[in-house]
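Here come two complexes built around chain A, the first alongside chain B, the second alongside chain C.
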Partner chain A sequence: MISTHSFRGGTGKSNTTANLATLLAKAGHRVGVIDTDIQSPGIHVVFGFDQTRAKHALNDYLWGRCRIEDAAYDITSHCVGKAHPEGDRPKLFLIPSSLNSGEIARILREGYDVGRLNDGLHDVIDRLRLDYLLIDTHPGVNEETLLSIALSDTLILILRPDSQDFQGTAVTVELARRLEVPELLVVVNKLPDGMDMEMIREQVEGAYRSEVVALLPLNAEMSRLGSGGLFVNRFPDHPFTRGLEGIVRRLLSGRAAG
Partner chain B sequence: MSDTELAITLHLVDPADGRSLQSWAFRQARVTIGRDPTADLPLVDPYVSRVHVELLHSDEGWTLCCLGRNGVYVDSKSVDRFRLSPGMTFRLANVGPMFRFDPQAEPVGTSTLCFDSSSMVVLELNPSDVRQRVDEIAVTDYFQQLQQKVRQLRRDRTTT
Partner chain C sequence: MERQGNVTQPPENEMDKLLGQMKSATSRLREVLRDLHDRLVTRLDGHIADYIPELATANPQHFGITLCTIDGQIVEAGDYLQQFTIQSVSKPFVFGMALEEHGVDHVLSKVGVEPTGEAFNSIVLDEASNRPFNPMVNAGAIATADLIPGKDYPERVKNLLQTFSNYCGRPVHVDNAVFMSERLTGHRNRAMAHLMRNFGMVSDRFEDSLELYFQQCSIAVTAHDLAVMGATLARGGVNPLTNVKAISAANVKYLLSAMLTCGMYDFAGEWAFRVGLPAKSGVAGGIVVVIPGVAGIGLYSPLLDSKGNSIRGVEACLELSKRFGLHAFEQGFEGPTLRSQLQSSRGRHSQS
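Now for the complex of A and B:
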């Protein structure tokens, strides 16, 4: 189980998570992505997933209206391509959050049962036989994000190279340590041209005492693409894609996170 | 127009405590700040436009003009044009770099017109602030319960 988190919005978290999941699937794995950013769901856009297609969302599971696997959608053919529809691998599933404002308000008002989300995460791994489950969290530290962080085997923290992100992320690093998250990886995203990458790496690794797995460039192609579409499919040779492939190799060399 | 009126210093300051991180001295009637390497004060920051700010000297003194996409903020308010007074701070984009305006040059020899773009992105960490924020969260009932719960879950998972 892998959570991606950032201290502030706009770090490219959902984009990174979606593209990472796609690359993991393409490497021949069964991958699930769950959008626990219930307050501001967004990752479905990157996958080009039409929410109107979704009969159920994570919210329905949390309220006991469906099983967790009923809220999972197979997006393999659309996002990974050239897979045998009958084949076992690769597979990519998305568990979206509801875009319905009433549903969002209810979660904010009532909260949800920690235990139920925990059960759901484990159940979906079992029932969909996932090799990896990626959890896209809400930015900032709140009860939901702490829960996702606490449950993960690997936490990927995404930050931009500025002092506010650096400072805020340091708080999450320390909280994750106290929650005994087994593996902490840092991704520095949106590095402007000409920035000294090794200096940034040294500063981040020195301060956080955790590994920087990727330094990803700020790229114009990504801005043009917006959140609409999978970058790794469109630009397979771009440095950003190469950087993500580095993270995938790193994750694959670790233990399976299922 | 006397030469001394044109002498200004811009300090890049830490938004948290106003500490000056780096200074630039100028002696000219127009000063630009931006990501463009040809700006008078070039800086590498994702929030900063190519030409983000123009400081213009006139008979009335110095005026700041915002040309950047992400705006310029004075006291957390977005401004298009602003008359600068000594010691005033302004920020490029509401989360970008912050500068203090001083209407005279630093004593000769202490200013650095020579500019190394990578030095702009020194990532500042304030350990006591981190500790305080961590502690504020860590003492909550929610966090304590979560800590116990995941400890239990991890134990269960390794034993099953």
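Now for the complex of A and C:
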């Protein structure tokens, strides 16, 4: 189980998560992505997933209206390619959160049983036989973020070279330590041209005592794409894609997932 | 200047609570209790107590289980927030009130600590001393209720409820319908009280004490509450959620030993033999179990066996005790410890 988190919005978290999941699947794995950002879901857009197609979402599971696997959609052919449409691997599944404003309001008003979310995350790994489950969380600190950190084998923290991000991420790092996350990886995203990469790396590693796995450039192509598709498919040779591939190699060598 | 996130930082202890909640939600023990619940909830044998109509309305499907550690970590499954009346589970706690107020010598002059082969509601006193056999049978519990301190009846009721509130970590209340039924139909208990008055084992305010006894039995609790009460005893008398002292540490051992030897009606001997933990059951289907220095367990399921103990509750305790080596006299146990089950379930899916 891998959680991606950022303390503030706009760090490119959902884009990074979706592209990482795609690369992991392309490496020949069964991968699930769950959008636990119930308050402001979005990662489905990056996958080009049409929400109107979805009969069930994570919300339905949390209210006991369906099983967790009923809310999982196979997006392999669309996102990974048509290499083995009927094969066992690769596979990419998405469990979206509902975009229905009533559903979002209900979660905010009533809350939900975090234990049930925990059960669902375990069950979906077992029932879809996932090698990796990536959890896209809501920015900042809330219940589903803390739960996913408490469960994850690996936590990927994404931040920009920005002092607000820098300070806020320290809070998440402290919480992650207290929840005893085995592996904490930091991704610095949206680095402008001409910034001293090594200085940033040293600063971040020194401050959080964690490994920086990627320093990703701010790129015009990503902005132009505007979350309208998977970057790694569109720009396979771009330095951003290369950076993500580095993270995937790091994750695969860890084998800490599942 | 953009402002984002809108993150409010709760105070430190609030964050501790939240992190504890997350640790519990992701603990292996949650899986264990969930699995135990799902297997036992299908058992529908046994009967629901029906000596008063209010108890007979219990839902036989209900089954809740909570474990609370001495540092306040809580793991639970099923209908752990379903309310029921505490009934006989109240007895050791009132015995504790009597010990706190009067000291062990005086209390033991009024009630013994011998297990009895007689039924819990038998009208039998020790022939030599005229004492009821122990504080867990009705006669003993009435003698103990007579020792609840306070200048008059209202103050004694207040003290009673305050003590249970301290154990539960929340204000508790009496279920009035059950209380009224208990006092209207409690002829046998009344007879016992009069018999003990005859022998001078209860004071001249024994009629009030009888009312107090009916009140204590009618306190509404949940499996969650019972776990917190058990954890309070497991922690030497200090509530793990509120840090409020409910009883002095010196008296906890007396409660626990009486529970171990007399807590489970006519199953007490085999319970001590197989489960090996101090516990007390009630006729509404509740059981409180104490793992000294570790945790309390609260269980609720209204289907009772022929001895008056909750069937699913007893089964769950037999399994938990065996699986995690919880028996007080366990030695050389090599299986997984309860503490290991309180860790995060992360890594469960890891590939080797």
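By our rule, the second predicted complex is superposed on the first by the 257 of 258 C-alpha atoms of A that agree within 3 Å, B and C clash if a C-alpha of one lies under 4 Å from a C-alpha of the other, contacts with A are read in each partner's own complex, and residues count from 1 in each chain.
Criterion: contacts are C-beta pairs under 8 Å (C-beta built on N, C-alpha and C of every residue); 3 or more make two chains touch, one makes a residue touch a chain.
Just so it is clear, the structure is predicted and the values come from calculations on it, not from any experiment.
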Fit-or-clash call for chain B and chain C when the two complexes are aligned on chain A: clash
First (chain B), second (chain C), both or neither touched by A:199: first
Partner chain(s) touched by A:135 [first = chain B, second = chain C, both, neither]: neither
Contacts of A:175 with chain B and chain C, given as first, second, both or neither: both
Touching partner for A:126 - first (chain B), second (chain C), both, neither: second
Which superposed partner A:162 touches (first chain B, second chain C, both, neither): first
Which superposed partner A:218 touches (first chain B, second chain C, both, neither): first
A:190 touches, of chain B and chain C: first, second, both or neither? first
Partner chain(s) touched by A:80 [first = chain B, second = chain C, both, neither]: neither
Partner chain in contact with A:150 - chain B first, chain C second, else both or neither: both
Superposed model, chain C segment overlapping chain B, candidates 20-28, 164-172 or 290-298: 20-28
Common interface positions of chain A, toward chain B and toward chain C: 114, 118, 141, 143, 146-147, 150-151, 164, 171, 175, 178-180
Chain C to chain A touching residues, read off their complex: 4-7, 9, 15, 18-19, 21-26, 30-31, 34, 344-351
Residue ranges of chain A touching chain C (in the complex, touch as defined): 1, 7-10, 114-115, 117-119, 122, 125-126, 130-131, 139-141, 143, 146-147, 149-153, 164, 168, 171, 175, 178-180, 182, 255-258
Chain A residues within the chain B interface of the complex: 114, 118, 141, 143, 146-147, 150-151, 160-164, 166-167, 170-171, 174-175, 178-180, 190, 192-196, 199-200, 203-204, 207, 218
Chain A partner contacts - residues on chain B that touch it in the complex: 14-15, 35, 44-47, 95, 117-118, 121-126, 129-131, 133-134, 137-138, 142-143, 146-147, 149-151, 153-154
